[in-house]
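Let me begin by presenting the structure, written as structure tokens, before commenting on it.
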Amino acid sequence: MAMKKFINDPANLTKELLEGLALCYSGRVKLVNEKIVVRTTPKDESKVAIITLGGAGHEPALSGFVGEGMLDASVVGDIFAAPGAPKVLETLRMFKREAGILLVTLNHAGDRMSASKALRDAQKEGIKVVEIVTHEDISAGVDTPIDDKRGLAGCIPLYKVVGAAAEAGKSLEEIVEIGERFNGQMATLAVAMTGCTHPQNGGAIAVLPDDEMEIGMGQHGEAGGGRTKILSADETAARMIAPLVQATGVKAGDTALLIINGVGATTLMEMLIVYRKAAQILAAKGVHVTPGACGEYLTVQEMAGFQMILCKLDPDHADYLKAKARSPYWTA
Amino acid sequence: MLTIQKFKTMIAAAGVDIRAEEKSFSELDAASGGDGDHGTAIVTAFNAMQKADGAEFKGYLKALTDALQNEACGSTSTLYGAWLQGMSDAAPEGASELDAAALAAVFKGGLDEIGFTTKARVGDKTLMDALIPATEALVAAQAEGVPAMLRQGAEAAAKGSDATCAMRARFGRAKNLGERSIGPRDAGSASMACIFKAFAKTVM
Amino acid sequence: MAMKKFINDPANLTKELLEGLALCYSGRVKLVNEKIVVRTTPKDESKVAIITLGGAGHEPALSGFVGEGMLDASVVGDIFAAPGAPKVLETLRMFKREAGILLVTLNHAGDRMSASKALRDAQKEGIKVVEIVTHEDISAGVDTPIDDKRGLAGCIPLYKVVGAAAEAGKSLEEIVEIGERFNGQMATLAVAMTGCTHPQNGGAIAVLPDDEMEIGMGQHGEAGGGRTKILSADETAARMIAPLVQATGVKAGDTALLIINGVGATTLMEMLIVYRKAAQILAAKGVHVTPGACGEYLTVQEMAGFQMILCKLDPDHADYLKAKARSPYWTA
Amino acid sequence: MLTIQKFKTMIAAAGVDIRAEEKSFSELDAASGGDGDHGTAIVTAFNAMQKADGAEFKGYLKALTDALQNEACGSTSTLYGAWLQGMSDAAPEGASELDAAALAAVFKGGLDEIGFTTKARVGDKTLMDALIPATEALVAAQAEGVPAMLRQGAEAAAKGSDATCAMRARFGRAKNLGERSIGPRDAGSASMACIFKAFAKTVM
């Protein structure tokens, strides 16, 4: 049976999708050296550059967030595969500057290995670069050691915050402080309803029984341990927001950002219904929910499900979230 | 003695066997909570490695590393890149033949370097469960000559991979699966065992 | 078998999703009288109001395009069901103004009947309102009479153009001219790979064989006559762009806007790959392709497939497309 | 004579039968290239209509119209709204009983009004294929009294709906299907025939 996807040679997926991105959003991004997406109009060299890395297959993430006010570059691997360290190092060299570089790495084994190697090599060469690792997935439990928590779509509001801080002329040290504070106050939990198809080999990932869903699914179909019969939208929202509130510590009087990130086949209709209940629960607790987002930001092919991201906001974070941004898939 | 020619044949033979099992490696990856692409990843790695060449061990191993790191992506290529880099570093300058002791040193160098890249060790349900015992067995069999070294390496790799079935994943994408990761074999250990088996076959 | 959707009582889908939209994008839109989505900050009464109507279940369309620079209001029906004429009339009354109202109706029987009745009643009451009907679907053939051509996602760039013209203070007559000119120069063609599930009754719509796709599918699963074995992304793009070029008449030297609108489960990865080929074909013909869009704008639940929209742009259209817009799901 | 009480029972009985066939109407809609929701739409319409009340025909029919137009959505509610509106307009002021001639006039008024709302006529594969012949038969049977009128209306509606199987859709969502719309029955004609059948049963 043919894969039900609009693709050409599966070996060229990443190359072609990045070319498509650069053609479609030519005013915002361009592609250099095959796997590096950068802004069409670079940020002034006096400002800190923000760079990230990761596999493809999660579109619009990560490259869709390159642009004014967000990322300066995204180093792309292949489908669900981290880019090699040499490519990361090449990008760090490209953005070498006195102000320094912030490298944002999602906590996945492949990304971490490439980033670590590139960082060591870059630092040896005198490139000023600091890494922030995101690890906000609470599916393994709120108290799981940081190294065992995956980085999910929480990287996106983080890009927004550090991107705006860089644009505002903050120093690398300041941006790291702002970013790590944000990083420490956000949490994500994912839920999946169906599996998906790996677009290169056509294999099924994360197949689920017809009447079950899984809370805690990772963003490549990695299981999360929370299999349950299908719940209603309201029950699902309630079940997910509770541990997120616990993890972030948001309480009455706090300001919070809530994002529902669809991972593929789940409709925006559903995401909005889930957002409604989660926002109502937060409001009932006396939390001030700022304007949020519902949409597909970091996907897992055509998997049905979503990630719920909750961020407790300090006043500076709230301001950075509102600042101007002009990436293909996030504007403010 | 192992000639560079023979070693290239070993790599080529491993590529053939790996390609034949591509689908099963991806299925193992999916079954154990991964993203179902290990077959794709390891085949991509071997495709990249095919482009490397060199007249002596150090250079050829370095060329393999570069090919992997520049053309391939993912954990597998990073880990194999480190392994081959370590082998190249440990290979004697300019040698186009390795005796048993030099071969042992090369494999030991490879293991050391990959050990810097990942913290995974025996029992963590990764390719290290095949690679560590294989390297140890190979080094221990030095006195018996190259073919015996590779044969014993292959046996140890297979046993190490078998043992992963009963393990709980603690590294890589499967780690969050917890108890449910117990049962299926680790995909990376399976491909590593396949490679050692092909090595052994080639020098038999 | 339970439906694999995150919903509550199927009777409340529309109400809940609209509440979610208003909560999530509280800075941009609000909900009035249950089924009318309006801007949080209304446009000045001296300017022409832009209103549209249509069923829910296509999120983010249509209500996701209410906001500064685009729509003033969207009148929402139920899932795949046009709002009744009284609701449309109520909205027209709400926006009654000397400058007048432009009502944009997509050519679907239900929407047309409600709009026509509301228009007649409104005009009797002295409300100044003109209707533009979109009918840019070319699946029935480029030469099909206008009344038999459906309105697909081409309404979205049209909202952008007329919204910007209204914001710029153009008169109703001028906006109608600008809008109808745009309307006449755009064309859309849809393709589906899989069917979807009606979220109220759980029934399957537009089921397709495992190895087939359908070019010309409508946006509720209405068949379009173009069943074929699955084609590659490049072949699909080539097959679709050819009749669109013919329908719009774009030729060397012209400027064109290309949009790939995902209808549900098709990944952005695929849309970008398709965009790439279609844009390359246009470029090869000497057409200047302005920055476009790839994403989910008007969906058909979790159906896999997309709509390809091609618009030949006059210079004023190009400017209106670039003007500021701040709706939840379209910003510029 | 048809009392308003009896007429309300007719509407209620139609609602019961429509609900029993909900799924099949949706399936017919999907089978003929529609969006698979006609069952949902017609049941929603009847649910809305249930809230209407009135002591005489004109007022009750108007209340039905308002209930439909204010609480329900979609083509079906718009078309039924027009139908009922036309009936209300044609109903004699204040009457709580209708003789055969008045009933005929009411149904004729309904058909006229729905005919302003849609251009579909017999042969276009819509609910008009059931409603037009049903209304004509009912009017033609005036001399035989109310029960006969409704019986003949039901028969004509059923026949009209049967005939839609062989038709090609030209209105509504199915119109683009072309040749492929030939075969399945039109969903809207099926529900319309179901309603006329329930009317006839009630006055038998």
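A, B, C and D label the chains in the order they appear, each numbered from 1.
We adopt the following convention: a residue touches a chain if its C-beta (ideal position, glycine included) is under 8 Å from a C-beta of that chain, and two chains touch if they have at least 3 such contacts.
Just so it is clear, the model here is predicted, and its values are computed rather than measured.
Between subunit B and subunit D, the least number of touch steps comes to 3. In terms of the distance between Cα centroids, subunit D is separated most widely from B. Centre-to-centre separation of subunit A and subunit C, using mean CA positions: 28 Å. Subunit A and subunit D, compared by their mean Cα positions, are separated by 53 Å. In this assembly, the C-alpha centroid of subunit C lies 32 Å from the C-alpha centroid of subunit D.
Taken pairwise by the contact criterion, the protein chains link up end to end in a single open path, with no chain closing the loop. Two chains count as a pair here when they touch; such pairs are A-B, A-C, C-D.
Put simply, subunit C touches subunit A in their complex at residues 1-8, 13, 16-21, 23-28, 56-57, 59-60, 64, 193-194, 199, 210-211, 213, 229-230, 232-234, 236, 258, 260, 264-276, 279-280, 289, 291-296, 299, 301-302, 304, 306, 329, 331. Residue ranges of subunit B in contact with subunit A, taken from their complex: 22-23, 26-27, 30, 33-37, 39-41, 44, 68-70, 72-75, 77-79, 81, 117-118, 171-178, 180.
Looking at the complex, you find that subunit A touches subunit B at residues 55, 77-87, 108-110, 113-114, 117, 137, 139-140, 148, 150, 198, 200-201, 203-206, 216, 218, 220-225.
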